[in-house]
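You will see chain A twice below: alongside chain B first, and alongside chain C after that.
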Partner chain A sequence: MSRAPRTLLMGFFLAWFALPFVWLLSAPFSKTPGFRLAFPDFTLENFPRLLETRGALHAFGNSLLLAGVTMIVVGLTATLAAYALSRQSFRGRDLVLYLLVLFSSVVTGVAAVVPLFTITLKLGLLDTHLGVILVLCGGLLPTAMFVIKDFVDGIPRAYEEASLMDGATPWQTFRNVALPLSTGGLAVVSLLTFVSAWDNFLIPYILLRSPERFPASVAIYSFFNELGLPFLNVLAAYALLYTLPVLALYLIIQKVFGFELYGGIKG
Partner chain B sequence: MFLTRRLLILFLLPAGLLLFMFLLVPAVWSMGQSFTNFTLLGPDALSLKWLGFENYRRALHDPAFWKSFRVSVIYVAGSALVGQVVVGMLLALLTQGGSGAVLRVLAVMAWIVPGVVVAILWNVYLHGDDGTLNRVLGMVGISGPNWLMDRPLLAIVVFNTWRGAAFSMLLFDAALRSIPASYLEAAAVSGASPWRGFWDVTFPLLRPQLVTDLILITLWTFNDFGPYLLTGGGPGQQTEVLPIYTWRTAFRSFELGYGAALSTILLAVNFVLAVGYQRMLKR
Partner chain C sequence: MTRIRMDALTRRFGTVVALHEVSMDVQPGEFFTLLGPSGSGKSTLLRILAGLDAPSDGRLHFDADDVTRVPAWQRGVAMVFQNYALYPHMTVEQNIGYPLKIQRTRWYDITKRVKEVAEALQIDHLLKRKPSQISGGQQQRVALARAVARKPRLFLFDEPLSNLDARMRLEARSFIKKLQRDEGVTAIYVTHDQTEAMALSDRIAVLEGGHLRQVGAPREVYRNPLSPFVGTFVGHLPMNLVSGDVRGADVFVGGIRVADAGDAKGEVQVGVRPEDARWTDHGVPSRVLYWEDLGSEYLLTVDMQGQQVVVRHFGDPPKPNDPGFVLISHATVFAS
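Coming up: the complex of A and B.
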């Protein structure tokens, strides 16, 4: 591309991508609530006001609980399954892998949530955190398993073979040789799983009924619709705090693991 | 033997159970439920009946279904097939060779910031007179419409292009970097314009990534619930994509039988797209 159109296009895209974000950086620190950008009246009082808003902090706790437990369950179960799928060939393994890819991309979004609603209802898990966690795990497991399996596939088998030759049991070999070598993949998967569960709106929105169980995603949405204009700045402060962990975790993944992210794990 | 038989089963069982219960069963359940009049409201709530294909027949004659089907086609075609692909490609080309790091970061931010936050940001951004967009347009003498009320379909298409372009950008960027510079240099030496160089050299080499990109973003955008957070499907039904109509049927009218039929239709479309994607990867 030649110089002038290139610069023009670059300028346009910079503005187009940046403009919607400006309010997120200005409104939390502004005294006058509203949709307008306001810079001159800098204040920090929206953040203490947020603490007084009923349920706001509690919702953060719920998000932390849902995302944290989902991360642990997915991390554990995906590591075990991925190791087995990587190291052991058994009849039907390729079919299992193929079906896993297929179902994970087919059973998604609202189409998955309609039957999942009935299933959690029948299991008596509607309006419980456990129900949300199990459904989140089912959705996030396939991608987690594939990332860890790719990672384990890349580790030479010689280490484990040596360990087995030396008389270690398969479990000891997994626990003391393979697992320590897989921590990189496991860390990336855990962070991505946490972020996906933290972000998720649809599943808790449909499976939870009691406001005191809402995670931040659902709480922010209902605040936006119910509290309205007078609380817009508090809401902006809330949205900013809710976003920060996500940005921090992505930054960590990129800096520490040098990972280019290709989504896929998004809810 | 890395694992004994017992250990193999123990390793696979927990993930297998979760996947079975919350991935496989829902797909089958959706189909089963779609043949019933299952509902949580009204007189039918107590008498579960087998309807056969009645719910699918109903969908075929349901104007609201066809309306949202049309909205979905426009949404996928406009924001994914055209919007994200074209913008993603332009971003990848613009940020080649180190320049445009800020632009890359901004695009990736738009992609990773939680959906609820992004929706609130765009609600504010597009808000009538006070919104940032119309204030900026006002500075150059353009008086913009109330986007979410007057141009809602355009608004969600532009919104989702902004939201998702980073994925296509990253995919194309990786592909571009794998093309040896000598190819384009050779084209330039033999007198080809940069434009010809792009169409005749770069573009054909990007085709595998392009097909991958098209199928994946179609799948994601088709299932995207994002417009709900921005417009709630309104005004009227103007931005009610199929997932929103399905959600409304199942969780606002509580017609879970008919909602399951709509879900099953969505799952069938997803299935075709996913199988197509698998075929492409094998080639």
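Coming up: the complex of A and C.
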């Protein structure tokens, strides 16, 4: 292929993929946003309107709560589990690891929705944040454990052995040596966990009933009128706000740990 | 100063026996070396002494305490690792102070002791750096400082010189020796390098395939090896192994008497160090095959009645194929 047609083709695909992002940036500042691209007749009115919309901000708080708690629970438990899986060899370890891979792709899928609903119902956790957090954690833990284990595997054992020889108990060794050396992997996993929980629509949509408990990902679906037409002004502004926490987290982690994260980042 | 007693220490990994009923004592304040090739079980034994591994059978005592099941962190033992294992996320100062911090020493005392140790090891100008920002030799000193900082009851060294270049190695070797003397702490040193073992140790234990072959002072192990393996492994030039025969109370090589027979009978293996054989005008008739010039001396490889023997030679070298005689002044008889 000669240069001109190739550039043209690349340009076409680039525009194709860039359009939604341009919309995301332009629509929130437009007086009359539509499903088209136009240079915005600039306004900030959409954001105050968003504040007036019932439940909009509250849903944001719910999202932060769900994603935040899930991130902390998954980060803590996955680190401890991964450390044990990496450093301790015991009967059936390989089976456990195999199951981790298996379950990481199965548990939160659409296929599991009915059993998850039934279990949550029987535990009396339907329409509670705790129920959603538990299911999210269950779904995210296997992958998280696997990623952190892989990371811990790359840290030479000699550091921990040196610490034991220096008189530190295994717990002190974990806290003073293994954990600080694992922060990179922990940061990646925390970020991915937060994003997955923040993004998740299906689980809270199925398990929550009361609108005041909806996270942003579910609440966004209530911005429609009786005819099923979207309030585009509010929707666009909301969509922009919705991406911000993930973006901020990404930037913070990049700043602190100084590495790039590629792929899998959605907002 | 701690006395160590190893009592029939055995370590099995599945069906493999890495250590086979090793029993020996290490005296208080002694510099004791475990010497052996890879797979000899020397590192396994060191890890058992450290508490990083546990024996399958046998007991281990430090003085009167049975420490066989005491975990590493309660043994009060310091170890210098082959790759130093300095904590990469801590500064040199934090690395050296870490054992003290774990002991809940007061901050003021930690700072003081770290400074003191660092000055003694001439690394006090590096305290604020990270391990990745200093050279290999400096890292090694930091590892030594960390081991010394809290005054352990026992030093363990796991091939601490093998990552240094030749010059640094000589310097670090005398350094370790001096440090151990000054601190007066019992030290156990693992190496596969017999020169290091000879130079550093009060006593050497030679291991082969998980078996303890010989324990003794360097000179004793060198002069009177108990097996052909020890004879060839210890010594910077390998010992010559030739066949001899016992007649009466004497052992003969090439018709010349070389040693007392002791209990040996019939055909025996005889070990001769290159410096115990001389190229001269009487002895066993031989022929020069080739020689190497080492500057201070020549190494002659000679054919001694069908057996190849290496001989150290000072003075002018003979020419290849020159006939002559090999005179053996000292030989070790290995009864088979």
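Throughout what follows, the second predicted complex is superposed on the first by the 228 of 267 C-alpha atoms of A that agree within 3 Å, B and C clash if a C-alpha of one lies under 4 Å from a C-alpha of the other, contacts with A are read in each partner's own complex, and residues count from 1 in each chain.
FYI, contacts are C-beta pairs under 8 Å (C-beta built on N, C-alpha and C of every residue); 3 or more make two chains touch, one makes a residue touch a chain.
Quantities reported herein were computed from a predicted structural model and do not represent experimental measurements.
A.B. asks: Using the superposition on chain A, decide if chain B and chain C clash or fit.
C.D. replies: Aligned through their shared chain, the two binders fit side by side on chain A.
A.B. asks: For A:V135, decide between first (touching chain B), second (touching chain C), both and neither.
C.D. replies: first
A.B. asks: Which partner, once the models are overlaid, touches more of chain A's residues, chain C or chain B?
C.D. replies: The partner with more contacted residues on chain A is B.
A.B. asks: Touch test for A:A112: chain B only (first), chain C only (second), both, or neither?
C.D. replies: first
A.B. asks: After the superposition on A, what does A:V177 contact: first (chain B), second (chain C), both or neither?
C.D. replies: Only chain C is touched by A:V177; chain B is not.
A.B. asks: Report for A:L76: first if it touches chain B alone, second if chain C alone, otherwise both or neither.
C.D. replies: A:L76 contacts chain B only, not chain C.
A.B. asks: Quick one: is A:G167 in contact with chain B, with chain C, with both, or with neither? Answer first, second, both or neither.
C.D. replies: The answer is second: A:G167 touches chain C but not chain B.
A.B. asks: Between chain B (first) and chain C (second), which, if any, makes contact with A:A237: first, second, both or neither?
C.D. replies: neither
A.B. asks: A:I253 in the overlay: touching chain B, chain C, both, or neither? Say first, second, both or neither.
C.D. replies: Touch partners of A:I253: none, neither chain B nor chain C.
A.B. asks: For the overlay on chain A, what angle lies at chain A between chain B and chain C, C-alpha centres, nearest 10°?
C.D. replies: 100
A.B. asks: Given the touch rule stated above, what does A:F90 touch, chain B (first), chain C (second), both, or neither?
C.D. replies: first
A.B. asks: Across all Cα pairs of chain B and chain C, what is the smallest distance in the superposition, given in whole Å?
C.D. replies: Chain B and chain C, overlaid via chain A, are at closest 6 Å apart by C-alpha.
A.B. asks: Which residues of chain A are in contact with chain B in one complex and with chain C in the other?
C.D. replies: In chain A, positions 164, 170 sit in both the chain B and chain C interfaces.
A.B. asks: Under the definition above, what is the set of chain C residues touching chain A in their complex?
C.D. replies: Those residues of chain C that touch chain A are 50-52, 71-74, 76-79, 81, 83, 85-89, 98-99, 102-103, 146, 150, 156.
A.B. asks: What does chain A use to touch chain B in their complex?
C.D. replies: The touching residues are 1-2, 6, 9-10, 13-14, 16-24, 27, 34-37, 73, 76-78, 80-81, 83-85, 87-88, 90, 98, 100-119, 134-135, 137-139, 141-142, 145, 157, 160, 164, 170-171, 173-174, 195, 198-199, 201-202, 206, 217, 220-221, 224, 232, 235, 239, 242-243, 246-247, 250, 260-263, 266.
A.B. asks: Using the touch definition from the top, list the residues of chain A that touch chain C in their complex.
C.D. replies: Interface residues on chain A, with respect to chain C: 156, 158-159, 161-170, 172, 176-177, 180-181.
A.B. asks: Could you please specify the touching residues of chain B with respect to chain A in the complex?
C.D. replies: 1-4, 7-8, 10-12, 14-16, 18-19, 21-27, 29-30, 33, 38, 87, 90-91, 93-94, 100, 102-103, 106-125, 127, 130-133, 135-136, 162, 167, 170-171, 174, 194, 219-220, 223-225, 229, 243-244, 246-247, 250-251, 256, 259-260, 262-264, 266-267, 270-271, 273-275, 277-278
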